[in-house]
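Next, two complexes with chain A in common: one pairs it with chain B, the other with chain C.
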Partner chain A sequence: MTSTSVRRHKATGLVVLLAGLVTTGIGYAAVTSTAEASVPQASQGQLDQGHQIFLEGCATCHGLAAQGSSDGPSLIGVGAAAVDFQVSTGRMPLAAPDNQAPQKAVVYTADQISALAAYVASLGPGPSIPSASDVSTTDAELAEGGVLFRTNCAQCHNFAGRGGALSDGKYAPSMMNATPTQMYEAMLTGPQNMPVFNDKTMPPAQKQAIIKYIKNLQQAQAPGGLALGSYGPVTEGVFIWTAGIGALLAAAVWIGAKVR
Partner chain B sequence: MSNSHGTDLNVHAATGDEPVFPLPPHHHRLTDTDPRAAKRAERQIATMFILSALGMVGFVVAYVMVPTTSYLDLGPVGVLQTSNLLLGLTFGTATLLIGVAAIHWAKKLMADEEIIDHRHPVGSTDEDREEALAAFNAGVAESGFAERPLLRRTLIAALALFPIPLIVLLKDMGPLPGDSLRHTIWRKGSRIVIDVSGQPLRPEDMSVGSLVSASPADLNDIQEAEGNQNARAKASIILVRMKPGEIVSEQGEGWSYQGILAFSKICTHVGCPIALYQQRTHHLLCPCHQSTFDLADSGAVVFGPAARRMPQLPITVDNEGYLVAQSDFHEPVGPSFWERP
Partner chain C sequence: MSVIVKEVGRALGRADERLPVASGLKKNLRKVFPDHWSFMLGEIALYSFLILLLTGVYLTIFFKPSMTDVVYHGSYQPLVGVPMTEAYSSALGISFDVRGGLLIRQIHHWAALFFMAAMMVHMFRIFFTGAFRKPREFNWIIGGSMILIGLLEGFAGYSLPDDLLSGVGVRIVAGIVESIPIVGTYLLFFIFGGQYPGTDFIPRLYTFHVLLVPGILLASVGLHLVLVFYHKHTQYPGPGRTNENVVGFPLFPVYTAKAGGFFFVVFGVTVLISALVTINPIWAYGPYVPDQVTAGSQPDWYIGFVDGALRAFPSWESQFWGHTWSWNIFLPCVVLPGLMVTALLAYPFIESWVTGDTGEHHLLDRPRNAATRTSLGAMAIAFYGVLVINGANDIIAAAFNLSINQLTWFTRIGIFIIPPLVFLSTHRFCMGLQRRDRELLLHGRESGQILRLPHGEFIEIHTPISDDQKAVILSKRDIAPLAIPAATDQNGVATPGLAGKKIRAKLSGFFFQDNVARPSAAEIEAAHHHAHEVHDHEITELHEAGKQAPSQLTD
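Now for the complex of A and B:
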């Protein structure tokens, strides 16, 4: 009876509304504050684990104190984002010293990678791993992403994101299997020969638009027929010069052949 | 059928003269000697024509029935739009079958004769030549061309000047470029803004390793006033930032700002816009012909067909702290041209 009377009270709707607003506000504040935190809090255990992995897997080239050596750059100030990108894509530990670090099987588990990232981030301030809301593309403009992609990315990564050749055996990798977090980290840190697109020259909203466009490219189908890898004139030319002209030659031989 | 072809062999004999190089003996086709083979070829050809007709009908059916939203996963070949695939297959096969059937018809069933077409000398007879020459000489004598030098010379003068108006008209092909190839819209104090977003830049916005495609702030206004994109074609630049110690040389004293360098975006070879900047090596690579420029060393050409270094734009900051140009480029941007080898 009491509960029924409370439910029927005139102010009940107002109270419930207020309670809902307050809860949402606190929840939202909690979510955004974690998203904006530049240095994630890492436990001492995680830092120790990361240090251990660093000494075993990274110090040979990057130096015992991550100060760098003739074989590898200093990691002080590169931030957690660079570590997460390089290790979670399998580029680090390096397969062999060469002009380009190729992607290969990932060596460490997700826990180990975050411990390593936390350790390197503790050496000096640098870009942190983007949060889920940083790489969320729900509010991003696809068309704007296309314009930005063609202005800033397509010259190396190809108009369809399939990658392309650079000089001296270097290349821009294909983006077909890149995750939104990896794309964001790559823009933020400029891995290897890729230039840096920091949050000042390319604000997060623009990065999200680009990510949305690349995700669109990853799912793009080929309405016009065989895409031939979307490499443009190279594969298309090879195809038509071998298969196309080959078929014409075969037809010419058939037309000219003597009938028995 | 074979009987009618039997006479064909005598065609060259019937002309009367024996060929200098006699033809090899003619072998009859199977379809000429065996009526069943001829019938089989006829059926094959008819089948191809019928399939072609069905293909055309199939094209119309596919066009009307298959929605453009449906896609077909062909595994390693890729995901293709069902509609386009069917349209191409039906129309392509139908057209191909008409051609194949026609050639098959010609090869198997149409008359298989070998005919000699004799060559004859192409020159005219001696009588014709003499007659023509006599007529020409008579014309020259009657016209008085030889006896009246005044007419001859004035005619030659008139014909000599005849092409001159045609050459003069070429001037209407457009005004000469003047010195527009040597200048861009960059000038002292032009503010540098990021391409697409139009946002002005402060030096601290760029980190070491950054690459920014940029243009002058007033580009859009000038473009609108001129009604074309010529200004954009010449004024596009890229900004890069490296550690000041990494800069080996510059095209002018104090042209960079705290390690930020501005270069033309237009390749000096044939004018492709380039931004394939490799931040470790500071090399700028042109995708068209692989010209490579070292931006840390005055934009010098280190590889490829480009003949000239990449022009550098001198930059500084204005009193509000934004990056601006110190002046226009000091040399023409883009590919070489006639007056500038």
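Now for the complex of A and C:
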């Protein structure tokens, strides 16, 4: 493995760590506003606003009546939760077709997102945006969340939620930036290659436990020191072959030169 | 002070009357060791091994090698109340509830990575300098076996804590054992004491890890060092160094002081890394449960090549005689590593058969002078490297936004293309260096000083190289490739074993192909003479008229 890849690996780890810390803070702030937006009864004004934004930003791909087109699936019945997840993580509006819609900078304000969500929800019944009490983790069991996480999520998102590769260039992203609402929505709607964990297969209490566990992962305490990105033995191997062996070779050369 | 010395001297004298302690010591302490930084690579491995022994003993005090089910109630909150095996629970205990436990665990594991990496780098040094040649072939075999045994030992250690990652590793190894035709299933039952995973595996692995294998390793290390001592150390070519002498420092005090100091450097670096950088965060993986798995389940790096081969291999399976034959596992995980290890261990014998060189060698080769060996080594490393990298294909895909499927294909094709390319480019590189050496001997070094001759031409002044450098370059020995045998001898009798002899001669020709012969003493003499002559000649000539400057000068 080249040393450039190492540096990038390590940098990724750091960035992810920092980003995790920063966004947890922001995430908490965001929870309250998104949760309020899930008030089921939307006003006509909000629906109109949502329709307007939809026509401008989404209809090219999803069709004028959200019925779908060759460039995007039908949104009828996907529910407010799907819209909120896709738009609040910056995945939608999609910039260009790719293996997978990447997270980007969010395009719309919280108000605009709730208007969009309300509009799409009005087209057909679907999961609504989870409320603040839905994503509350005060009663949840951390350790139970860990077990559920390892059973249901770790095979794609890795043991520490740092993400992993799927087939053909698709990937399960890192969860370090996700807000509790987005976590809940992701489980509820199963974006792209992620399975749907509906309330029958995974009751809300279990979702809350998982969210509690992920939040715990996001706090990123590493009792053992630098976590090297929490990617497992690969980064450890890269570390020993660069920094580790590098340091000892330097010492050997130094001692060897001393005696001359 | 002098009193102490006298007392010690008297004590030794008294001892010597009974056992030849002092005289034996004196002789051996005076033993000369040549010096070079690359001779310290083996020491890194040795010291890492000592660190492993020390920290391992500490771990045994607290580790419970048992697969009994318990419920965790230690101080790591995210696992409180979770059912797990006693092994995992006690490893968590070492990490969070034993004083210094986490540090010792991390030292133990980082030292294991160091141990394996250092053995490998040490082996590279031995290989590329030809230190494995007669009479040291047996020590090469011991060394190579230690890498293999170390690999097994590391795997056993990695599996002991029974966390999710190690459990997945054991599951894969169980699959590899099962893939062995005919005996696989029986072997699996034998190793696991019944169905996988059973409850016997961790206790068995523990005995293997803390007693059997360390014992074998310790004995091998001892034998290895005794042989180094017995054969005397090889040395790099240089002024006054021949195949018959050893030039260096006495074992005591110079070498011992240096080696002792280096032990503390290795120990210090290992502890520093272990204090700052996490390794194997078993708490984060959770306990092993057969229906769980995490993305990025990898073995430690030294087993990565097996994983890489497994990931790249096409999924061939056949059904006959009422059995499933899992070629997709058996070939990459058993046959391929087996062949790799065999080739490694047999190399010294193969080389001496091919070259017909049966002499003793105490003077090392400069890698460039054994160009084909060097290129074969580089090729082997490239082959191994491609497999290691493929073992990390999912991590690489995720980190660099690549497709796992494309990476797999890259490996499947690259494993056949990259190593030969590495062979060719290394060979060319060596040839370039050989040619440069010849130039240096014959014409000296380019001084960087440019001289403008009166008629306008520029020439570069060459200065002769130092005697030390000359001695190094002159160490090159040119061996003639074996001649292709004639089909019949003078009497018309067919040569016995002709085909084999022909193959051997062909291989020999391949081994020595393109060799740039070391100039003979006469050639060097002539070149120097010529240079002077030309020089004088040139000056006079140039005075005469604006004729062409002789071009031989820069040849």
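Everything that follows uses one rule, which is that the second predicted complex is superposed on the first by the 217 of 260 C-alpha atoms of A that agree within 3 Å, B and C clash if a C-alpha of one lies under 4 Å from a C-alpha of the other, contacts with A are read in each partner's own complex, and residues count from 1 in each chain.
Keep this in mind: a residue touches a chain if its C-beta (ideal position, glycine included) is under 8 Å from a C-beta of that chain, and two chains touch if they have at least 3 such contacts.
Owing to the predicted nature of the structure, the values given are computational and were not obtained by experimental measurement.
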| item | value |
| --- | --- |
| Partners on chain A (chain B, chain C) - clash or fit | clash |
| First (chain B), second (chain C), both or neither touched by A:Leu248 | second |
| Partner chain(s) touched by A:Met176 [first = chain B, second = chain C, both, neither] | neither |
| Residue contacts on chain A - larger count, chain B or chain C | C |
| Partner chain(s) touched by A:Cys61 [first = chain B, second = chain C, both, neither] | neither |
| Partner chain(s) touched by A:Leu226 [first = chain B, second = chain C, both, neither] | both |
| Which superposed partner A:His157 touches (first chain B, second chain C, both, neither) | second |
| Touched partner set for A:Gln206, first chain B, second chain C, both or neither | first |
| Contacts of A:Val234 with chain B and chain C, given as first, second, both or neither | second |
| Overlapping contact positions on chain A, where the chain C interface meets the chain B interface | 147, 151, 155-156, 164, 166-168, 222-227, 255, 259-260 |
| Contacting residues of chain A [partner chain B, same complex] | 147-148, 151-152, 155-156, 164, 166-168, 170, 190, 192-198, 200-201, 206, 221-227, 254-255, 259-260 |
| Touch list for chain B against partner chain A, complex | 29-31, 68, 71, 77-81, 84-85, 88, 103, 107-108, 112, 194-197, 201-202, 204-213, 240, 274-281, 283, 285, 287, 290, 292, 303 |
| Interfacial residue positions of chain C with respect to chain A in the complex | 35-41, 44, 77-82, 95-96, 102, 106, 110, 113-114, 117-118, 121, 164-165, 249, 254, 258, 261-262, 265-266, 269, 273, 275-281, 283-286, 289, 291-301, 304, 388-389, 392-406 |
| Residues of chain A defined as touching chain C within the complex | 1, 5, 8-9, 12, 99, 141-144, 146-147, 150-151, 154-160, 163-169, 171-172, 213, 216, 222-228, 230-241, 243-245, 247-249, 251-253, 255-257, 259-260 |
